[in-house]
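So, here's a batch of structures to check.
You will see two complexes here that share subunit A, one where it goes with subunit B and one where it goes with subunit C.
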Partner chain A sequence: MEQSNTPQLIELGRTRETILRDIPDGPDSCLTCGICSGRCMATGIDGFDTRKIVRMAMLGMEEELVGSRWPWICTMCGRCQYVCPMDIDILGLIRTIRSLRNQDDVPGNLHKGIMAALKTGNNFSIPKDDFILIMEDVAEEFAEEEGFQDFKFPLDKKGANVLCTVHGKLPFANTDDMKFWWKIFYAAGEDWTVPPENWEGVNWAIYTGNDEAMKTMVGRIVENMEKLEAKNLLLPE
Partner chain B sequence: MKPNTGKGAKVLIIGGGIAGLSAATALCDLGISPLVLEKSPFLGGHAIQFACKATDSCQNCFACSVEEQLRKVTENPQILGTLNSELKRLTKKDGRFMAVIERYPALIDPERCNNCGECFKVCPEADKAAIQEAYSVYNQSRYGINIDRCLYFAKDKSCNRCQEACPENAIALDQDAEKMEREFDAVIVASGFTPADPAEKDQFGYGTHKNVVSALELERILRSRGKAIRPSDEKEPKKIAFIQCVGSRERKRPFCSRACAYALRMAAAIRARQPDIETTTFYIDIQSFGKEFLKTYKALKADIRMVRMIPGDVYQVEGDRLCVSFMDHATHQALDEVFDMAVLSVGLMPGKDNKVLSELLRIDLDETGFFSPPDHTAGRETTQDGIFVAGTARGPMDIADTIADAGKAAWEAARYLITDTTSWRYP
Partner chain C sequence: MATRLGLQKWFPDFFNKYGVYTVFDLMIKYIKEGRIKVDRSSHPELATYHDPCNYGRKSEMFFGHGYFKEPRWLMDQCCENWVDMYPNRHHQFCCGGGGGSWLTPYNKERVFCGRRKVDQIKATGAKLVVAPCHTCNDQLKKSLKKEYHLDDLEVKYLWEVVADAIVTA
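Moving on, here comes the complex of A and B:
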């Protein structure tokens, strides 16, 4: 958002219909104490100011917020909401603002990733056969290490104690990083599994405010849980 | 039998803080005998701990009038008081109240005590207020044992270090509470407030960082030392941060404590006495009450840096100094500024005994937990005939308003008791 010393005429939407003002525990109870901005780690980046975002929402400045870079600077860490004396759902507000943007204008790869995930089951469009091949390759490599000779990658195992999702980045480019948690599971004698499809654990729709896509992806994990009759779910993002 | 009317009527005042003391003197002026019931070993409540905040002129904080009110009460033989006492039961028959009061005798005999302070020095729980030090010379015997905190009463009667250390044999711990029954014609509830617990706001580090204190604690420091010092090394701080509205004006308790001027006056008083100290006040907005406030505020603001932001974090740096994180709203930059001390202005919350009291007296609390009736124009009466409420038991107010409010409660009680008012003159 541009900083300007000349006052600009802004049309305030007090009478305008706006969903931002009416979200539950929303900005209408803000006392403008500013503790959110004092707490925020992103304060000052391009003039980022949480208090002002809440205030703009209160004033009905929806268009300005949706067009602004600010909601995308936020990391959604929740420090502001933790200290807010009025318990305002600031994260909910940020998510709602993001959801109002035309999804093709979502910054970075987020929306592309979501589209890929909806189509292929993971953010990097890794086909099922490739995924199985990669995992088996890495498992073979892993079993060559001292102490893990009888390791078998527990793909598609029914009735396991833990169903583990996978961060798409790992089979795509950082295969060695998977061995760390495999080691822990191995040492602990954990009974675990990974499904061959829809194994993606990173749900970027959470960050873009795309509820529908988020639900679809969560639904697939639930399906996997039911199909494999797993007892616990682990989302190691 | 109807309540005693006219001279000779008796009124029970629950609470010996500034509201109770003010109501007692007002009743006495009207010819009615009050009994002031106080739970702690001292009269004066929170207000007696407040320091004079005069700069080169009086700032109207009213701390001195608490001292004056306490003097009046202690010197007036018509006003009876009972310390270390709690109301256990209150019944009403034929318009009169029968009160059952549980009272611990003075564990430190005021006749023998020479105020040497040996008991305070040896007490293992003195920092937890097991032995308390009075804030006024009008409190007889400067030290008092707090039964709720004292290990002798709380544990197994094995700790009696104070008793052994006392050179005057003034302390006798092995005493039991006695029950007494008294009749009254009316009751005034003046049980006061409980300060918000600043430790609930963990971002400010109260209880973890030594130099983060509550505003009430700074009042005590100013009162006992006459100047501001840091708790960690008792040295003069160079920079003090005041943080307003801690524990009030939030979702659970949205009401304003109406007392922000105390912190501003403290800051001004410190600036006047220790001009090398820089003070910054972090605030939401200043709630002004009374037509004089604007003038006072303008004068205060001239000398205090005011930042309209509540900081998001306070953490220790450079030993026991404090880094305060906040946003500078002019530049939109995150600032980390180092202070020597941080003062949290804790809100005035409903008294922690309000629930028990409301059940004992069968009077209603409002939705915030105070005794004020939902309709604020309704005065100081309660849902029970003959029971009145005074001061911060009704809702947050400052010392001046409390004194005035207690006077009105006394007046309303008198009007209830005295039917023939032809001979009345305003005192």
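Moving on, here comes the complex of A and C:
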């Protein structure tokens, strides 16, 4: 596996004021016990070590952490934090480190997807007309199955009991996987709906630490609830 | 989870105006109210359940309730024969695909992180693993299955298990 170029000599700069050291429930109470590292699936990849991350934050090594790929290898599963005897907010620390990276340098498709979502309302930039066509197509296919003949996809229905978002990957590439919930709703006789715009249920901004984008995306779900006068929200899968 | 977290943080009033269901609540409600009927014989093979970090451990940490019992109740209704992995619930191993890692170029690392999950599944001898979270499901079905040669393993969503177990009167 690729090795990062860790500098030989590093200025520890204990007096440097950094955002990371000052986050609430932050690294300053770390006992360096290492249970976090022992619980972690990523320990050892390219020297990855949760305890070191916490320690580096404490020592003010912000630049090194922000530039490192460590915070992006972490799967944010929380096994470390769950058992931390000092209740350090390790997930918050990882997310804050991620947020400090220039967002254009975020690895992979995370930031690109967020930008797409802000612009188009979904992570895969599916235009509204295409989305409606896809859903109608899949609904037609579904209605051909035994027992679902009168199924109609309840797009944009006012006053529904349950409003659902859609996981962007489903209309994009896994349309058959949408039918499971359709089948359950149909059998239960549920009165449900999906909004025609801003239907994305997945919020990638939680991973990059981009609070502004995260709030915008959540706010759109609230707007859809108001607009469609829905009674209940099914939290995204 | 991001949505619930965001609603709590920025739109707390939402919970006074609207009802909120998790996927678990809704499926359990339908079964308990008799609105759907499910048959355990739809899944006779040995199955196991993967607790996604977001629905389990992290829900407990962020919302004060982890969804551990609910999916297990649903498994009981829809599968004849299923066992837990070890460790499970709060201490469940991560599938390796979380935190956006599915979307970064660090694929080798993501597959490596999933090795313990694979060991855990193998140890159960299950032919079916149920993973509700979309990311866990992708990681298991589209990556780990191939990388670790789990050719005979079937991966399903929890709502897929419920949908497949529905019997129409």
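General observations
What we mean here is this: the second predicted complex is superposed on the first by the 227 of 237 C-alpha atoms of A that agree within 3 Å, B and C clash if a C-alpha of one lies under 4 Å from a C-alpha of the other, contacts with A are read in each partner's own complex, and residues count from 1 in each chain.
The criterion applied here is as follows: contacts are C-beta pairs under 8 Å (C-beta built on N, C-alpha and C of every residue); 3 or more make two chains touch, one makes a residue touch a chain.
Computed from a predicted model, the values in this text were never measured in an experiment.
When the two structures are aligned on the shared chain, A:M86 is found in touch with subunit B, with no touch to subunit C.
Of the two partner chains, subunit B is the only one touched by A:S37; subunit C is not.
In the superposition on chain A, contact of A:I73 is made with subunit C only, not with subunit B.
When the shared chain is aligned, no partner comes close enough to touch A:G159: not subunit B, not subunit C.
Touched residues of subunit A, counted separately for subunit B and subunit C, are more numerous for C.
After overlaying the two complexes on the shared chain, residue contacts for A:S29 are found with subunit B alone; subunit C is out of touch. In the superposition on chain A, A:D49 contacts subunit B only, with no contact to subunit C. By the touch criterion defined above, A:P127 reaches neither subunit B nor subunit C. In the superposed pair of complexes, A:G147 makes contact with subunit C only, with no contact to subunit B. Residue overlap on subunit A between the subunit B contacts of one complex and the subunit C contacts of the other covers 79.
Looking at the complex, you find that subunit C touches subunit A at residues 1-7, 9-11, 14, 17-23, 26-27, 30, 35-36, 53, 57-58, 61, 90-91, 93-101, 103-106, 108-110, 112-116, 132-134, 138, 157, 159-160, 162-164, 166, 168.
Of all residues in subunit B, only 201, 203, 245, 249-251, 254, 284-285, 308-313, 325-327, 329, 332-334 touch subunit A in the complex they form. For subunit A in complex with subunit B, the residues that touch the partner chain are 3, 29, 31-40, 43-44, 47-49, 51, 79-80, 83, 85-87.
Per the touch definition, subunit A reaches subunit C in the complex via residues 1, 41-42, 45-46, 69, 72-79, 81-82, 91, 94, 107-110, 113, 147, 162, 165, 167, 169, 177, 179-181, 183-184, 187-190, 201-208, 214-215, 217-219, 221-222, 225, 230-237.
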